[in-house]
Amino acid sequence: MFHHALDYRVAYADTDRMGFVYYGNYLALFERTRTELLRANGLAYADLEAAGTAMPVIEAHLNYHAPARYDDVISCYGELTSFKGLRVTVSCRIMLGDKLLVDGYTVLSFIDMATTRPKRIDGELRALFEKLAENKP
Amino acid sequence: MFHHALDYRVAYADTDRMGFVYYGNYLALFERTRTELLRANGLAYADLEAAGTAMPVIEAHLNYHAPARYDDVISCYGELTSFKGLRVTVSCRIMLGDKLLVDGYTVLSFIDMATTRPKRIDGELRALFEKLAENKP
Amino acid sequence: MFHHALDYRVAYADTDRMGFVYYGNYLALFERTRTELLRANGLAYADLEAAGTAMPVIEAHLNYHAPARYDDVISCYGELTSFKGLRVTVSCRIMLGDKLLVDGYTVLSFIDMATTRPKRIDGELRALFEKLAENKP
Amino acid sequence: MFHHALDYRVAYADTDRMGFVYYGNYLALFERTRTELLRANGLAYADLEAAGTAMPVIEAHLNYHAPARYDDVISCYGELTSFKGLRVTVSCRIMLGDKLLVDGYTVLSFIDMATTRPKRIDGELRALFEKLAENKP
């Protein structure tokens, strides 16, 4: 079940000389989607880092179906598709109205920022990710 | 067989607040790798577009093994791993010395820039991509 | 008289390893400010280009007073401070609440996109820029 | 006296839909120019930060004379034009062969990274910046 995370207005800065959003820039939109998906569920990622835990991306995949253009307002949808203690997979869809432009996913791990070592999360944080992973139909 | 395509000095502009190269920025390095791989084989991608053919990316995949840091000089390697008339797959490896930082691939199609329709390439261009795809051991 | 043009959530993608928004990224915010300032006055910049006129930036100035940080929601204000037939100056202020982070301006010219030559605008477009330039107290 | 700091190949990632390098991206080139200017004079900026001193940009100015295009190899020149204990001004010129594309400057201060307070540099570092500032004709 994909949740609407944010709308984003394409700037000139986002485009390339083909007239479309540069293919690398969608990963920043995937980041914004993850952040707003978590925030909508009560977790500000900035607070997570402030408490010493970071979630680096360890894998990313993107399928480009159709281009976004300058001044388009595109919609970013996200779903936490799996959580397995050490890793989270978040799927993303970038749409222009009903039209799918880009979809894909990122896999994130949890690390202790002090040691940069992998970290198994627990307590409320674990409960949140479990709840999100169960929210799928 | 991966070919050394270019070396790249990491700028402050490339980093994020975790102190590493932002995960989305590697797709620009994948682009530079493709471009230099083609140039080393006699094809300036700019000339291809000037002649009316573009190669948009339709799929991208990245695995993040270790971070690149500010002022690192990282090395970008590429290999054309498959060519099937309408699509090309280019694999990339970003290394810091002997250490693998990021690997992955992009899949590109050929389009006619005037119509934005898919295009089957032929002649010298086709021969070049066939040669590159055969260069693998 | 500065007008509120947009609010912007700082992403990880915008930050650098000092933990702040990278100094070069504010020019994209200056662009967004100009675009929304024009849109609020009835002019979609995309339509202007569709009609054959572009407004390239010919000069930019930025003063950095304080840094924006990850996840800050910063506010962008703009004012058209001068219009002289061939050139427009737009001043920008980036604020975090009441705190001034960055201010500066960009100077833009008008060009005919077909010829890339400077162009003197007239009619409704000229009237719009004259009105905006007069809107100052 | 401007010193050649580096050459830079324009990537697709650097361009915008007008077909030129996006105006905001030149500040990353100004950064690279400063870094290589210092390195050529024996100072790796990364070492400066490792020793606890950072040089944030407090002012930037750019004049856009002509556009850089995809695949251009542009040359970046820098000059330390003034040093006054707490502030350094570095002028930059971005050229395509003999043609001036962009020039401008950045003003940087010195801060103690632990306290983020302004810092008056001394010793070898001060001597280096004084020497660079005197190198002008």
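A few points about this structure:
First chain written, first letter: the chains are A, B, C and D, and each begins at residue 1.
Keep this in mind: a residue touches a chain if its C-beta (ideal position, glycine included) is under 8 Å from a C-beta of that chain, and two chains touch if they have at least 3 such contacts.
All figures in this text were calculated on a predicted structure; none of them were measured in a lab.
Touching subunit A and subunit D at once are the following chains: B, C.
Greatest centre-to-centre distance from subunit B is found for C, with centres as Cα means.
Put simply, the C-alpha centre of subunit C and that of subunit D have 24 angstrom between them. In this assembly, the C-alpha centroid of subunit B lies 29 Å from the C-alpha centroid of subunit D. Residue positions of subunit D touching 2 or more other chains: 12-13, 18, 20, 24, 27-28, 31, 70. Subunit A meets subunit D in the complex at residues 12-13, 15-20, 22, 24, 70. Taken together, the subunit A residues at the contact with subunit B in this complex read 18, 20, 23-28, 31, 54, 56-64, 67. Residue ranges on subunit B touching subunit D, taken from their complex, read 9, 11-13, 27-28, 31-32, 35, 44-46, 70-71.
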